[in-house]
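Here it is, the structure, as structure tokens.
Chain IDs A, B, C and D follow the sequence of writing; residue 1 opens each chain.
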């Protein structure tokens, strides 16, 4: 019975997500082999206000395809609804 | 039995209409009380090539409403399909 | 507010000297340029003629119509006539509005209507070579 | 050809220094301006933040997508961030194409997509008075 290996990723916070979490970015440990959907669930558990907040999760500065695996050292970002232009 | 009174109008010619009629403008006598449609028929009789040519007739620098009466001294213009912009 | 003009001068990089509303959120500038070919032939310039007086009236009428229809702040247009060399502007149109959707729709309709009714014609071209 | 940039400097009257194709017949320039009110309040400026790196990538991706979809010659975009005073430009976009229809459609789609996916946010405003 070996403990499941974990990997560390960085999560950047923007706009309302930064206000909610009161930080620009943080490190998060997740099980190796996690998909982007699993990571999103973990992120939503960080704060009750995040749970139902609309946001997208970017992976290495792109919107990832469904089922994309997250790897050690990846840069994630919480992207609340954008309002540029 | 009095002769029906005629009025005189100016007809300007542009683009292909000017080429066809070989003039910039001309005077035309028409019966008093003619509508724009009657005048258009008279204009189309001026040249066999005008008969079926697509054009609009402007009256005093506007596209007239159907049935508008043409008056002494009015300025008409033969407007072949436009191609500005 | 509508303003229109027709000129034989160069209008490239035209600047419309009209103040903006403080609630203007969108500005759209369209420039129509003379292309290097006409009916398959390489050309050096296009020659435009217009019905002086009516062309301006008609541009203004269409401008007013799109302002009313789309609720934009203003439309300003300058059209060049005479001989226009390839690569130079034949028309410049500015639309200002609160939101961008109205600006896009107004500009598009203005150009569509212009090409149906404004008495301006391409009456010839100067071809290259020969 | 696509070019995109994000800057904290003023971008009003921005000129994109890129050559035109000789068969370019249409040029469309969109400017998005900061309006004098936000959520019913009179303001002096809007504050924008962006995700540096990703915002540029995403603008470029959308630019390439509309070039492919509408067959335009090029799309060039500059977006300002930081504090932008009322009446100044937040974004300037240039589209060039052979025909005007493609330019209108490309510009419209570029702005629609930008407002869905490009990581730029209005994070606050400076109100007038008080």
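The rule is simple: a contact is a pair of C-beta atoms (placed from the backbone, for glycine too) under 8 Å apart; a residue touches a chain by one contact, two chains touch by 3 or more.
Just so it is clear, the model here is predicted, and its values are computed rather than measured.
Graph distance from chain A to chain C, where chains that touch are one step apart, equals 2.
Between the Cα centres of chain B and chain D there is a gap of 49 Å.
The centroid of the Cα atoms in chain B and the matching centroid in chain C are 28 Å apart. In whole angstrom, the spacing between the mean C-alpha positions of chain A and chain B is 73.
In chain C, the residues touching two or more other chains are 32, 111. The residues of chain B never reach two or more other chains; the list is empty. Those chain pairs judged to touch are A-D, B-C, C-D. Chain B meets chain C in the complex at residues 12, 14-15, 56, 58, 61-63, 77, 79-80, 82-85. The residues of chain C lying in touch with chain B in their complex are 32, 48-51, 53-55, 57, 79, 90-91, 111, 114-123.
Residues of chain C that touch chain D in their complex: 20, 22-37, 86-87, 98, 100, 103-104, 107-108, 111.
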